[in-house]
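See the structures that follow.
Heads up, the next two complexes both have chain A, just with different partners, chain B and then chain C.
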Partner chain A sequence: MPPRILKNLLAKVKGKGDKNITRIRRRRALADVAWKAYPRLQLLLFVIGYVWLLTIPSTLHGQRTYIDENALQPGQVNTNWNWGDVQRADRYLEHLELMRDRNASSHETATFISNEFRKLGIPSSTQEYGFLTTSGVVSGTNAYAVLSSPRASGTEAMVISASRLSRTSEGDGTPNLRGVATVLSLAACFKGYSLWAKDLVFVISDGYLDGMQAWISSYHGVTQSNLVAEPLQLSSGIIWTALNIDYPGHSFSHLGVFFEGLNGRLPNQDLINSFQIISRHTGGVPVLVYEHIDQNEFPDLVPDLVPQWLPDGIRRHDTTKEYAYRAQNVIRHVGYQARGRASGVHGLLHQFHIDAITLFAVPAQGPHGFHAIGRVVESTLRTMNNLLERLHASFFFYLLVGSTTFMKIGSFLPAPVLVSTAMLIGGMGAWTRARWTRQEQAEYATEKGEEDRDVPAERWVERSRPIVPALFVIVYTHALGIVLFHLCTRPWIAAGGKVSSSTFPGMSATNGRQLASTLLFATVSVAAGAGSLLARSESSSTKSPNYMILKTFNLCLASTVISVTSVLNFSLAATLAVFMGLPLTLSVPSRSVTAGLAKFALYTLFALGWLLFTPGEIAQAVKNWEILRVWFAPFVCIVYTPLVLQAGIICLLRP
Partner chain B sequence: MILTLLFLFAVCSICSAEETFSERLILSPNRDGTVTSSFAFTTLLRDAQPRDPAKLAEEDESQHYTLFPLALGQILRDNAITELHLTLNAGKWDYQNWGYPEEEGVGTGAELWAWMGEGAMQTADERWKNLRNALAGLFCASLGSLDEQRTTSPVLTFQPEGDLPQASTSHELRHGTLPSENVCTENLTPFLKLLPCKARSGIATLLNPHRLFDADWHGMGVHVRYLEGAGIEVRLAFQAVLNPVRYSGDKKRDWSLSSLFDRSIERSCPVAGSSDIVVQVPPFGAIITEPAPSANNAGSIAYDVRRVDKPLDVGMRWPDEAWFEYPLDAPPSALMIRRTLKGSDQYKGRLSVVLTNSAMAEVKTSYLETMPWLLQFYLHSLRVICDGIPRDDLVSIISYTPPVPHARPSLLQALLTLPANSTVELTMDVVKPFLRYTEHPPDAHRGWDLPPAVFVPLDANATGGRLRLRRVYTSVLLVDLAVPDFSMPYNVIIMSCTLIALIFGSVFNLLTRKFVVVSLAKAKRAAVDNNNHVRRD
Partner chain C sequence: MDFDVVFPSLVAGRLLLAYTNLPGALRHDHQLSTPLTSYPRLQEGLYLFHNGVDPYSGGLFRHSPLLLSLFSTVLPLNRYTSPLLWTISDAVAAWALVQIWRARQQLKSKSSRDSLIAAVYLLNPYVLLSSLALSTASFENALLLLSVMFACRGQASPTLLTLAVTTHLSLTSALYLPPLMLLLFTSPVSFLASPRPYPFALQDILKKIAPFVAEYAVYMAVLTGAATLVSGGWGWMGKTWGAVMTLPDLTPNVGLWWYFFTEMFDHFRPFFLMVFSIHLAIYPLPLSIKFQHDLLYAAYVLTGLLATFKPYPSLADAGLFVSMTALFPETYAHMRTPFPALLVHLHCSLLLPLFHHLWLGSGTGNANFFYASTLVWGVGMGLGVADAVWSGLVAGVKGGAKKGGGDLAWEEWEITQE
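Now for the complex of A and B:
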């Protein structure tokens, strides 16, 4: 029997009399509370969402990494790589350096590499390719070799690759000679053993990213309209995992792991964790995330991110340093993932469901060299060789904040989702406000011709909500986005360079591009402003103002985009949440035209500022779209910019 | 007593006179430094006939064998099998470097095919099922999985190697491949038990599992055929491609029996009618180490194991080589076939077969695909491109049996014409069906192995008569099918149950609820009026 207090409480909630009437009253009261509290709820969600985003690098979150797939068994083998293999790598390096010094053509180098593979008894071939892009033709020659493992049926394969250009400064042209030499010498070493259960495919791709894109597309028989590539002469089975070796310096102190792939794809975390364990225990080389030096290893080091003006007690405090170190990694990660960029050659393989990472030998005076990297790569490959199935455990969503610390999806995903929920609530609120307005009771009474004795001074009246003008504006802005994207991929914006100087004689390439960008900015801004005419009709007491409907759609659309993106590409969703959350919520029309125009200009700058301030970024994004099919450039032009422009148009509409 | 013993001895000698056993090992060095070793152990049961399937219901005559493997003989007679071929192979045969194999069945995994007479109470399919289950037990292999989903009857490619008895009216072929079968010691041990001398003497001594299963390629085969006028022949074969360059520390390709097999022949098998080792001698550079051969033909030398001094350890050296240098030029291969599955989609893909004919004459070849229903062909999308030019006239389809999902594989037999010195690419769109969730194997994310395609190049000069055509196997394929996330079935079950409960609950609520008009009390009206905007009942 429940206690009396509970009974009384229940009776109070249930009320007396007809229970249906009570129920309806209760429902109305609740709705009333929700209506009154929604701006506060919205604010609360915004605050929680943004604060959560800020706490991501803190030690509140995160747990130690572990191996989920039992078959991997990392670091359980004796490696066969020895000093003889190191000496052979040195000899390959001498040859490659000689070829570099005499400026050997890329075809010549590829042929040399292919011949070296053949001398080892491994079937090898070369592949020529060319990409036609806005900024010209990108061409080169890949060399690759397929070592069919003894007794294996050749249905499964692993890839060991090195690009000819290192990823240093995102492919600034530093050659990856030692990486190539390592792969060649590893091939010679692996040929001598029968323990491989999968075929080994060695790929020396030309250029930084373009060579591998051509090779892996041909391998999977995928055609790309602007790619001309020779068909591959050798084939193997399905590739499950791949390692890319990047060793640009003379020696290295740490091995950095790079894992972000195209369009925000990530490899299975087990691969990173296995490599980390192997490198630490088999190779004796500490592992870094990217090339960020871990402050735990060097206690005197203060990460650059910590501001100089902070008092020394706070600056040198462990918590501050740890926060700054993690923030550094998270920012780097978001920089790659949000822009859909691959942080190395490995990133091109993710699109074909291949788990791949890049091992980056962080250039230093020492102490490690070929001996350490060879052992680490061999042992990591042996671990990959153990796989009986594709890596499939739920380890694809993670945030690697340190080399041994990671965050599970549950600890970072809610942040952007909360922001998007706040926006959704704002949108729903606007929708309801568009419907209902308060009116003087007298006016209401005369309209309805109704007499009532105990009426309040004001009451709510319904209005119709015309959605067509708002939809026109939305369709118009997105269409404008498509035009903008089309124009951005034209040579005079994307490339600048030679085309500009020929179009605008007597003008330097940079100036030409600046002029073109400014013109485009002005045109699109004016066109967007003109879009406000589509929804400029007067509001009346029976019709809701257009800006409210537009705001509803704008907020709901933006909120949907953020929540859907959050499970595909967390970084992009978080960036969108930061850039669109508050600004879109705060857009309101002004009574004065000047104020409205000023606000519109601000929003335009927010939507299109990238045209003026980041020319390099545009060229890179367009190149990535054309060669690697990275969706970032079209996404910004067709989704982000129109959404913010819609918020700007709201400011121009009548209140 | 003595008389009885004498009588028994006489009976046995009569028996052995009806059975002959011969063994042979062919060793041939290859251009990439490897050595192909082909063992063949042949037992001939003189004047024996395959059992007439019409008499399967009657009591069988008793079987007394001395050399012929009884375990195998019982299986053959119980199911009235006329011809049987079972191969269990591991690895990918490299036709370019290793040439054409002595034993032609080199498809990866297990392959079983049998010709059976008709006219029995039991249908051919029932006997085929008994046969594969019996062989699975005999050889410890998962041949039981060669069920209806993998069984076809490709009569054009798999013609009988022996004769079919005239007595029976017609014969049926059953064929199945299991590419995912792994071959290891547990298959070799029962294989050795079928030999009259086991692995104790004779050439079979060399069958050392440690070395054979470390080879670049290894495979065993059991072949039973009926030869008109001779009898029933059982050939137990083992092939291995051993790699002396890998074994030796100094990267030389010199080999000897003891270096390849870690054994030498200490004594010969007493019941063997012939026991030969044949060594193919490459044109230059190689010298044969002792002992002196029994026979010396052009290009090959032979040893009679029964006569030469024991222990016998044949070997070959290349004295001029400091280490083995791999040949850089392209291998001299007339026909090169590469079959791949393109596309990374989980729904559709493209099967691509590239055939390079480097001979100066046109080659006609038959093409066989026995594909489980896990990969379904879009036959209309079959395209042939010869050196970049569309040439759909080069292929003619002889027969096509479409697959039945969850039941029957597809069978495609076609004839290809390869112009002289050309590369022909054959492409065909394929779809990957969805499996029922119980049909997924325990290692669902590995994918499914698909059997090799088989080509039989037809000799242009053949003019009738009995011509032995040789089969060429392509590599096997792995196909990724859409796999549900098996790692969280309970989450999925809970989630879907919740959804169903929610939907059911609300629908049930709406269906059973009574809708009435409720008028709110007048006195409360003023207080409630403010909320009226939310909903008007």
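Now for the complex of A and C:
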């Protein structure tokens, strides 16, 4: 027998009389509650979603990193790298510095490197390549060598690479001479031991990113319409892991780890964690995420992100500093991942299912040099040498908020998904509102020819929902986006001014580009505004207004885009949630034409502002699309901009 | 718009698309074609056949010997003929769909909805992409629609013959036999709003159906004989029809079977294979009885069920169900969840390729990702089918209620149904 309270409660819930009628009444009451509460629910989801985004850098989230794959056993070996190898590296460096000082051509340097490999007894070769882009031809020569594994059949390989230009300031032209010297000397060292179970491929790629893109594409036999590259003469097996060495300074204090790949792909976390443990315990070098100095290591340091005007008590509080330190890392990460950029040469390898990171020797007065970096790289490679299957155990979806702290997908993914759910609810609400409208009872009664005095003054009536005009607007704006993307890849916008001076004679390069961007901005805005004519038909009591239908589709599409992208590229989804979540929800038409136009202008600025304010970004994004196939540029033009423009068009429609 | 203009231009546009570079990228897609319908496998089988190797001796080729004989003799497949053949098949299917619509509305000539119906089939992304990927499911769809069309016209022999050929290509199509045979006796005209019993005495039903079953059996026997002659043995049966029963190839697809049987211990396999197969066979009879006033509608609901639950489904099967929805505008007003179903489909059609890529392309995901998205897909299809059944039944009650007691009767009915 259940207790009396329970029985009473059940009786109350079930109600009296026919239980089916009760059930239907209850269902209707629930639907009523849902209908009344949905704006509040939407607001709640928005608040939770946005607050969640803000709490990501806080200490509420995050856990310590750990090694998941048992085969790795990081740091369990005695390394063979010794002072003799350091001296050899110094000699290579002298040669390379001499060649730099006499401005040796890239081909000459590549030949020198290839010859040095050959002198060590390792088969080597060079590869010339050229990319044809909007802003001109990018060409160079790669050098590479393949050390066959003495213990296995050469079906698997690891890559040790260094690009000729360092990643300092995202490839500003600082040479990576010590990185190249390290790789050459490592090759000499590794040649002497028979413990390798995988082929070792040494790659010295030209330029910053372009050389490796040419090499890795040729290695996998991928053709790219704008790339002309020599076929590779030497080949090896499937590449599982890769380490890229970036050592631009004289000495270094920390090793920074860079891990973001093209289009937001990340390497397996086991690779980062193994490197971190080895560097700390075998090499004695502390590890940083990027080159951000950890405030835990230097208690007096206050991260730049903490505002100066805060009182010292708060400014120097541990919680504030930790939040700022993590926020710095998250912002840097989002900056790379959302734009689909690689944070170093390693990022190009991810597209071929290779787990790769860049070790960045943070330039400093000391105390570390070739000795430390050599040991760390050797030990990390030997750890990866243990693998019997690809890295799969640890995480592929994570946020590395500190060098030993990370967030699992479950602790950050819900934030953008909640925002997108709020948008979805808004869209479904608009769809329902489009169907039902309040009508004065008198009017209704005359329509129906009934005379009933007891009914309330108003009553819900159904309307038809014509979807075709809204669909036209959607197709139109996305088509406009395709045209916009096509125009953005033309030289006068994307080439950063090189070509525009010839297109617009008598004008400086920057002015020419500015003029072109402004013209494009104006044209697209006007064209988008004209799109509103497609759905400007009158609404009536039997037909819902077009803006509601358009708003439904707009919100549902945007919500789908955000929630689907969140799995592929969290940073992009979070950015979209911030830029589209509230703005798209708030779009409504105005009664006055001026107010409507003002709102439309605001949305246009939101959708196309990048054309006016970020010329460098456009050039970079287009270049990344053309050389590296990063889909950020087409995504913005064909998905983001049209969605925001649709919200603008809603403001122009009749209420 | 005029059907005579719209239809040829749609087909022409479709043909142009088939000759672009796009199809090459789609051919290996797991969502658009299954091991039973994949074009590369068909080519492989033809190659083996030409070189004197029994294509059914390996585990790769699972197409019907009828396709083998057709494409190795009269209709050679190459990069010029294949796009044309698949376009013709789509055009035939769309034409048949329009004919079904006309039969349902008892129109002798054109109607304003013809163009819309043809467009709904030819522009349906599920149908279009599968057909661009040269999946042989396009032929199955076209043949099935032809069979339904003949049944609507009351032409018994063509109906049974086309259905027998469809069955040869895909065994699950045999389940359409009950609704289609009964459709031959009744009318394709919509009786959803005014349900009525079978227009003949139930005692006679066996006597009426027996000749049809016999005719179907004869066609099947002849086709089976021909197939055996062509392939030179009985080996084809286990490889083609047997695959539907025993699921030997666990290549991922949008269906619900593959992952289940990947994870299953071997000693449970026969039992669950039986359960899953019998589950499919449960539907045709109840549907034919419940919708005895409108058997075309029963066949329509069955397409949705099979697209969700059959052993090797692809998006082409779902596309057939979605496109056939255009035939029943009288049910739209009674649908309960059309918008959520649309949203689920929107999410799925992005999630399926994305998770497929994360698992097999970039390698950051695993099979569970794709499986999760196929479950969402199952939910989306389930919503659609449940809504089709609901709106089909409610149309009857609401129609009856209008004649009789008005809103009150409707409320009572809703209560009894709940």
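Following the convention adopted for this analysis, the second predicted complex is superposed on the first by the 650 of 655 C-alpha atoms of A that agree within 3 Å, B and C clash if a C-alpha of one lies under 4 Å from a C-alpha of the other, contacts with A are read in each partner's own complex, and residues count from 1 in each chain.
Everything below uses one rule, namely that contacts are C-beta pairs under 8 Å (C-beta built on N, C-alpha and C of every residue); 3 or more make two chains touch, one makes a residue touch a chain.
If you're wondering where the values come from, they're calculated on a predicted model, not measured in any experiment.
**Student:** Does chain A have more residues touched by chain B or by chain C?
**Tutor:** Touching more of chain A: B.
**Student:** Could you tell me if A:C556 is touching chain B, chain C, both of them or neither one (first, second, both, neither)?
**Tutor:** second
**Student:** With the two structures laid over each other on chain A, which partner does A:H353 touch: chain B (first), chain C (second), both, or neither?
**Tutor:** both
**Student:** Looking at A:R265 after the superposition, I want to know if it touches chain B, chain C, both of them or none. Which is it: first, second, both, neither?
**Tutor:** So A:R265 only meets chain C here.
**Student:** I'd like to know which partner A:E389 touches here: chain B for first, chain C for second, both or neither.
**Tutor:** Once the two structures are laid over each other on A, A:E389 reaches chain B alone.
**Student:** Touching A:N20 in the superposition: chain B (first), chain C (second), both, neither?
**Tutor:** In the superposed model, A:N20 contacts both chain B and chain C.
**Student:** Can A:F397 be said to touch chain B (first), chain C (second), both, or neither?
**Tutor:** After superposing on A, A:F397 lies in contact with chain C but is clear of chain B.
**Student:** Taking the superposition on A as described, I'd like to know which of chain B and chain C A:H220 touches: first, second, both or neither.
**Tutor:** Only chain B; A:H220 stays clear of chain C.
**Student:** Would you mind listing the overlap between the chain B footprint and the chain C footprint on chain A?
**Tutor:** 18, 20-21, 24, 351, 353, 390, 392
**Student:** Which residues of chain A touch chain C in their complex?
**Tutor:** Within the complex, chain A contacts chain C at residues 18, 20-21, 23-24, 265-266, 350-351, 353, 390, 392, 396-397, 424, 428, 431, 556-557, 560, 563-564, 567-568.
**Student:** Spell out the residues on chain C that touch chain A in their complex, using ranges where they run on.
**Tutor:** By the definition above, chain C touches chain A via 339-340, 343, 346-347, 350-351, 354-355, 358, 361-366, 369, 414-416, 418.
**Student:** What part of chain A is in contact with chain B in the complex they form?
**Tutor:** Listed in rising order, the residues of chain A that touch chain B are 17-18, 20-21, 24-25, 27-29, 31-32, 35, 115, 118-121, 148, 150-156, 191-194, 220-222, 235, 237-238, 351-353, 388-390, 392-394, 436, 454-456, 459-460.
**Student:** Can you list the chain B residues touching chain A in their complex?
**Tutor:** The touching residues are 32-33, 90-92, 94, 108-109, 179, 213-218, 243, 245-246, 325-326, 328, 338, 340, 342-344, 350, 352, 443-447, 449, 475-478, 480, 483, 485, 487-488, 516, 518, 520-521, 524-526, 528-535, 537.
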